[in-house]
Amino acid sequence: MKKNRWYNWKEKLHDVIFESTTPEGKLFDIVLIIAIICSCLLVMAESIESLREKYGTIMSYAEWLFVASFSIEYVLRVISSKRRLKYITSFFGIIDLLATLPVLISFFVPSANYLVIVRIFRLLRLFRVLKMFRYVDEARFLLKALRASRPKVIVFLLVIFSIITIVGSLMYVIEGPENGFSSIPESMYWAIVTISTVGYGDISPQTGIGKFFASALMIVAYGILAVPTGIISYELAQSAKTATKKTCTNCGNAYSDMPAYCSKCGNKLNE
Amino acid sequence: MKKNRWYNWKEKLHDVIFESTTPEGKLFDIVLIIAIICSCLLVMAESIESLREKYGTIMSYAEWLFVASFSIEYVLRVISSKRRLKYITSFFGIIDLLATLPVLISFFVPSANYLVIVRIFRLLRLFRVLKMFRYVDEARFLLKALRASRPKVIVFLLVIFSIITIVGSLMYVIEGPENGFSSIPESMYWAIVTISTVGYGDISPQTGIGKFFASALMIVAYGILAVPTGIISYELAQSAKTATKKTCTNCGNAYSDMPAYCSKCGNKLNE
Amino acid sequence: MKKNRWYNWKEKLHDVIFESTTPEGKLFDIVLIIAIICSCLLVMAESIESLREKYGTIMSYAEWLFVASFSIEYVLRVISSKRRLKYITSFFGIIDLLATLPVLISFFVPSANYLVIVRIFRLLRLFRVLKMFRYVDEARFLLKALRASRPKVIVFLLVIFSIITIVGSLMYVIEGPENGFSSIPESMYWAIVTISTVGYGDISPQTGIGKFFASALMIVAYGILAVPTGIISYELAQSAKTATKKTCTNCGNAYSDMPAYCSKCGNKLNE
Amino acid sequence: MKKNRWYNWKEKLHDVIFESTTPEGKLFDIVLIIAIICSCLLVMAESIESLREKYGTIMSYAEWLFVASFSIEYVLRVISSKRRLKYITSFFGIIDLLATLPVLISFFVPSANYLVIVRIFRLLRLFRVLKMFRYVDEARFLLKALRASRPKVIVFLLVIFSIITIVGSLMYVIEGPENGFSSIPESMYWAIVTISTVGYGDISPQTGIGKFFASALMIVAYGILAVPTGIISYELAQSAKTATKKTCTNCGNAYSDMPAYCSKCGNKLNE
């Protein structure tokens, strides 16, 4: 009998922590989201020197409070989860652990504690909590298109990487260390800054021939920039075309739009 | 009888101010547009010091003249509008109010008067005045595509915001205040400047490992930049497909293309 | 009889200058293209001080030679053209005139002579000369898509211009002249540099709140940048769909692809 | 008999070097890829001064080892290849030669040895080795779309080049050498940096009118940037439409989709 009670206790805890159907579960999720946002803002505030000087002690107490709460929450999640190993090795399980770990590491490596900002990923639970299934669908749609475009993107990245290496070396030979291109890796960094059209201007070609090659690279970058965009537009259109939005329960006919009746057997389709 | 005359007077005023079908309404609109453009140019001119020193007094008189006229116009609009509350809370109602308000506020907060530039939005009436219905249609078409892509864009913005926070914190830990990354918000500002490929160069990574992560961010930004473009291209194509260009007057069937006869009831469709 | 001879002389001249079907016409076109390229390179070389100091006199003689030749060519073109007024007011007629005029103006306004570079537009004749009809077709296809997207682009530009004005004024109020935002037009210039993701970095926000608004503008610029791309992709797809590549001479049926036989009446279609 | 043995020896060598079906061929390819990556990293490391000072002698020995191995490999490839001339003039043949040549040239032109980085292109063999045929297919698909968009892109580049020349000259006249626009080629470099939205900021307009024209160029660049993206999206969609996914083994009819039966002769199509 006692074991059953214990089981119920664990079951209850699971519902509160992992589900958001019960009022307690909903409240828990809302409190958690507020805590995550506050703790992230706290980490950001801690990094601003003027604020750290004034409110340093309070901030560090608050941080320890968050670390303690999140640690307890993590332990409770592990205890109450139905498939413990699966939770621990899942994306959210690792993020939940990383949300507290860096502070403990910061005893040894100072300033590592800022990495607790990784807890911002915990906000992705927001989707589930707010029942934003439509948004989850859209995210899935985007991910599907991105996944479908992976082979094209890998081919594209290999070509880009080759171009960056060649251009980086060429510019190192042309411009040399005296014009800021101090080594091939440095030149490759310049090539990436240029080809992505970021263009900080911390390194820029000084000689005429260097400027000529840089111009050629920019014109090429123009066309190159267009390729991933074209790929993604195309894959979005493709995955929209093949997306099954409704299936007839009678004859199994799949529809990519949302008709009211099955056009094959006249069966009324559910929403 | 007198009340009727009064009503007629209000009706007349409404036609002049809100419609542009009568010659008086057209004239009013043209005068208004010229006044708006002049007042905006005046605000811009006022901000240039050399001009302000020379023509400061004249400019401030002119500005007060515009404020007075626009205030009178606003009062007349409120009086003559048929649904007063709807007008006051509408987009144009608020813009019409904001076109004069900041000057009054500038008694308390100096330099707030430059915000009257918001009156440039009043120029959007131009569409209605010039009967550019085709343009309004196009704008509606664009807006429809943008609205349809909203869920995808929100998902996208959440992901971008997470990336910016993580990268910002990481770069703050790697580069530190001595290289210009003085706090996490500052680092996040750098991440936004980089990921949007603006790249001012006021802050840029100095250490080798910082440059490596910045390069990775730029390559990622490449792919990321492609996503909203792909979404918008796709939604434009979608909303074009589902756009109703013709509707059958007999059976109400809507067509996205321009057929001569209704394919459902054979009714001849008008141009 | 004499008039006929005279007519023939003019006719001959017209064929040589305007057509490129006869050997003389072809030779004339090739010589002209080489002359245009040389004259443009000369203008560029003239602007480099070290070269100007060394070869200044020779360059100025060469320039006058080109101006004289192009002037004679222009006069001959006007004389031999069949519809004089139409030629003079056409795009190429104006470019042909501008290819020599700035040098004459440079007697009064020094350094205006560099504007003769406008003669580079004369190279667009290249398309006709090299019989690159396929390229002309492609250019026409692109132009058609661009023209079709004009209303959307105008709506888009109006919105962009409003955003730039508002953001420019806002940043002028926030940052002020002490941070480089010396006037509203200057701030608008900064807004354009930012929204187009060019990002020179000659002006950049210094205050926290300024950086916050700049970040917001960049995120918005992200989405905005996607709109014209989406529009053009969409219009390209549209104009491809509706492009008539072949028309049946028998039944008048239009085809967007290139079939060998008319699918309606079986008539063999010409190439 | 001896000749046959010799032939067999050459055949064997060909299989090891050119094919990757036998275990020896696979091993050879893997060793080669590792050697290429190591040699590229070595070239990069050599360009970093601090490393060169410390490990200069070892590095130069290692480099000579790589050059010797790659030279031997190249000779063996030439000997064992079945169509010698075809291999030597092929893309990979030239790259294989260039992978060693610059080091030999560096006796005469110092720092030319960094150009051996061109051997990174040899990594493109990776596709064949890893049997990533799917990736090769995707690359072919991308190349097909890029090739199809060539005429459009050439038209586009000619227009871009004309704009750059005109804008460059205009800015040279407006800003002049005192504001960094020291010559027309320099101004053209600035125009390319601006139109490609890289924006280093090493040269930027200083006068009001210069800023006005630069702003106009950026707005135009906006639209221009959209054109190649639109072209590539469109061509990707086109080449997907016309891609042959299935061919009927009976009548040879090609299908761009994946039907179960041939629509022409009713033959069942294989997966």
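For the reader, a short list of remarks on this structure follows.
Residue numbering begins at 1 within each chain, and the chains themselves are lettered A, B, C and D in the order written.
Definition applied: contacts are C-beta pairs under 8 Å (C-beta built on N, C-alpha and C of every residue); 3 or more make two chains touch, one makes a residue touch a chain.
Keep in mind that this is a model prediction, so the values were computed, not measured.
The fewest steps needed to get from chain A to chain C, moving only between touching chains, is 1.
Shared contacts of chain A and chain B, meaning chains that touch the two of them, come down to C, D. Rotation angle relating chain B to chain C: 90°, from a CA superposition, given to the nearest 5.
Interface note: chain A and chain D, two copies of one sequence, contact each other through mostly non-matching residue numbers (shared numbers fall below half of all numbers used). Spacing of chain C relative to chain D, judged by their CA centroids, is 30 angstrom.
Spacing of chain B relative to chain D, judged by their CA centroids, is 43 angstrom. Multi-chain contact residues of chain C (touching two or more other chains): 185, 188, 197-201, 225, 229, 231, 233-234, 237.
Those residues of chain A that touch chain C in the shared complex are 197-201, 229, 233. By the touch rule above, chain C contacts chain D in their complex via residues 40, 43-44, 47-49, 111-112, 114-115, 117-118, 120-121, 123-124, 134-135, 138-139, 141-142, 145-146, 153, 157, 160, 185-186, 188-189, 192-193, 196-202, 225, 228-229, 231-237, 240.
Only residues 151-152, 154-156, 158, 162, 165-166, 168-170, 172-173, 176-177, 182-185, 187-188, 194, 197-201, 204, 208, 211-212, 214-215, 218-219, 221-223, 225-227, 229-231, 233-234, 237-238 of chain A touch chain D when the two sit together in their complex.
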